[in-house]
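Each chain carries a letter (A, B, C and D) given by its place in the written order, and its residues are counted from 1.
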Amino acid sequence: MALNKVVAGPQEALTGVADGMTFMVGGFGLCGIPENAISEMVKRGITGLTCISNNAGVDDFGLGLLLQKKQIKKMISSYVGENDEFERQMLSGELEVDLIPQGSLAERCRAGGAGIPAFFTPAGYGTEIAEGKEVRNFDGKPHILEMALHADFAFVKAWRGDTAGNLIYKATSKNFNPMMAMAGKITVAEVEELVPVGELDPNQIHTPGVFVQRIFQGSGYEKRIERVTTRPRV
Amino acid sequence: MLSKDQIAQRIAQELQNGWYVNLGIGIPTLVANHIPDGIDVEFQSENGILGMGPFPYEGEEDADLINAGKQTITAMPGAVYFDSATSFAMIRGKHIQLTVLGAMEVAQNGDIANWKIPGRMVKGMGGAMDLVASADNIIVAMMHTNKKGASKLLKACSLPLTGVGCVTRVVTNLAFLEVKNGAFHLLERAPGVSVEEIKNATEGELIINGEIPEMNL
Amino acid sequence: MLSKDQIAQRIAQELQNGWYVNLGIGIPTLVANHIPDGIDVEFQSENGILGMGPFPYEGEEDADLINAGKQTITAMPGAVYFDSATSFAMIRGKHIQLTVLGAMEVAQNGDIANWKIPGRMVKGMGGAMDLVASADNIIVAMMHTNKKGASKLLKACSLPLTGVGCVTRVVTNLAFLEVKNGAFHLLERAPGVSVEEIKNATEGELIINGEIPEMNL
Amino acid sequence: MALNKVVAGPQEALTGVADGMTFMVGGFGLCGIPENAISEMVKRGITGLTCISNNAGVDDFGLGLLLQKKQIKKMISSYVGENDEFERQMLSGELEVDLIPQGSLAERCRAGGAGIPAFFTPAGYGTEIAEGKEVRNFDGKPHILEMALHADFAFVKAWRGDTAGNLIYKATSKNFNPMMAMAGKITVAEVEELVPVGELDPNQIHTPGVFVQRIFQGSGYEKRIERVTTRPRV
């Protein structure tokens, strides 16, 4: 029998979350974000959160919802520029912000999940990002040592998933979700469609179920688009 | 003087067949509209696609298919989606042949500053630091001067750096320049722009060797 | 005395519901034949499958579907295939709850030697060093003594190490032992085997606390 | 237009290979090995090779064919135990062998392809593998520093591929192929089925074409099985 990771919904899936914990939250902008898990965090009113997420949502959606309620103490991100409330809290000093080059953020999450405590990368050498970090030359080129990231909970969103926690993402909604799924002590996956084991081709799975502790079928997805951009029909 | 679209057009002339190209936000995005005939390239967007196509027709937007600027896009035949770690493996591993991005300042030693203005809201570096630290071939697309008329091609960057000694070429509204041996080398003038104008708008060391041709757009 | 199959059977009793398990070559492979009723586990083979099933029926072998011992296998519903980097990400990242492997020697401090005999042909460590360096829960399955009758549970390993201080339990043909605080702790005797026999076959420090029960197979 | 990486066959695909070069060769045992590229290497008689490959084939197949002809100077592998000729050459000192823990081998190939020059791993600490390597504690646990691997050519084998070099592997024949594809200066992919771009679902590609410089449809695959193991029909 395959393992069964299914929980009833976001409420059960977030059992154990507590004030002051560290959370990884998948998505790029508003694309591929775990909408249900974020809503549940808002509902629970958990505070003092450290959130590791490439972006911080917009004012009234995504992680912006947690910012509005001042639930987030610290953001670890690569780009946070679509959010007035974020700006206000950051400039006032209410919100701590740790900005990380996007590739280093992705690789540090993967490293956390893969048992690699640290690695060298050229990104950020010679900039303020490198301050206090070990520098070493490889092939004559300077690199800095970056450390793995870990989280108490990782919230990820996939397109399809099976009851054993195997996940398939759609298009560019994959982004940070697979690495964050690897790096959570407890990884909660929400999916648009939950299917029995055996329905997904074992050759086409993006996140093996071994990285997922809890899975549920999400609901009410808004899937907002930040910048609808179109071209005229000829 | 070049329009933003013409800056993109001039950069597009540098594309070579078979290249994978990462285009930053702003002017660089426009490069995709000017691919020369007979040149096949593929565009990477670092949020997880190779083979990025044009914007979708109205009504055909897919919330799951965006570029790094969070705009809705389409995928070309032969496209592929991947996660952010794989995306930056491509970038860091030098599998992308050309990076085009904007800048606030470029220094004559190739340093670039494009992510932070002290005292202002900092939005973050996104993927820019990874891109500039790894790419061998970086073209900066920007205005030659800022809104106050001050040169953006400097002896040394005054703003916090994004990367050191990495920029190889710059295309501005005034000129096409190469960055090497600690100086800006003027290669081409924008149509109707004199060498004198470019000199006056360039704070960094400017090397002018012989007759400087006008761009051919 | 236990047969090899019975060693596997005793180890299988340690399986807990929901575990992912990596089984080494030899006796460990047999563990999969003895999963207790009501226990769901998934087997990983480090060449790239989770959800490994039984060997295929004759005529149904697939050259593209093997285990780390290069044997043809099948996949269970819910299985997934992945590359070697992802496979060892699972192992190194402690996503696998139990590792069962064979050994030439185990020391009372948990050191293990199972890959190299000086002067003999060295075949390589395969994935063993990654497995023992990362897993929190390592059961060694082996004979209590070697072919010459010498103990394989030692004060210190004499052979080149595979990993240090990592083995948590050992199941042999004679006994089930826990490795902690620098000693072997006798937990169970194989049916018909006396504590005295186990003592005589164990060179490393052996802690015997109270009455030692016989295994219940 | 998508890029076109197609070459006529193994002969064209191996243009530029030369004595003394370093090669990565995909596969685990005989599963997923680039049979056509290996045959072409035998045919060309290139010598002094350094081969990075998890295994060394068997006596009369896979890399064993190159060993027979004494074309290999050095093997970098995790397990080489199915090959008498290998044993003979190794014991006689004709063949240099660098044994690497399998997970470190996989990660070092990935690192080479991903521009990560070095990383820390716990694998091999306290063993002879760690000799001469930097040791550092993270969270109180000792790790060793391992360096990226690179190759002049990487030979990989996939199930299906398109003309732009996008690859899909089947079942456990994936193994080392994706990482080696990333790490070759020139990566040559051979596939069982070569299709036009657009035929592969962009969501299901295992190796993006950006990592592949040349692709061809292979032929005459033997796909030998090292250990046919079956169970009785009930």
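Convention: contacts are C-beta pairs under 8 Å (C-beta built on N, C-alpha and C of every residue); 3 or more make two chains touch, one makes a residue touch a chain.
Just so it is clear, the structure is predicted and the values come from calculations on it, not from any experiment.
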Please report the minimal path length, in steps, between chain A and chain D on the chain touch graph. 1
If we define chain centres by averaging CA atoms, which chain lands farthest from chain C? Would you check? B
Counting in whole Å, what is the centre-to-centre distance of chain C and chain D, each centre being its mean C-alpha position? 28
Based only on mean CA positions, could you tell me how far chain B sits from chain D in angstrom? 36
Whole-Å separation of chain centres (CA-atom averages), chain B against chain C: 55
Within chain C, the set of residues that touch 2 or more other chains is 49, 75, 81-82, 85, 88, 91-92, 134
Touching two or more other chains, which residues of chain A qualify? 107, 110, 114-116, 121-122, 169-171, 202-203
Every chain pair meeting the touch definition is listed as A-B, A-C, A-D, B-D, C-D
Of all residues in chain D, which touch chain C in the complex? 28-32, 54, 77-82, 87, 90-91, 97, 99, 101-107, 109-110, 121-129, 159, 169-179, 206, 223-231, 233
Please name which positions on chain A make contact with chain C in the complex. 1-4, 110, 112-116, 162-164, 166, 182, 197-198, 202-203, 205, 208-211
Quick check: in the complex, which residue numbers of chain D touch chain A? 107, 111, 114-122, 136, 138-139, 143, 168-171, 202-204
Listed in rising order, the residues of chain B that touch chain A in the complex are 45-49, 54-58, 60-73, 75, 81-85, 87-88, 91-92, 111, 121-130, 133-134, 160-165
The answer for chain C against chain A in the complex is residues 18, 20, 40-42, 44, 49-51, 75-82, 85-86, 88-96, 134
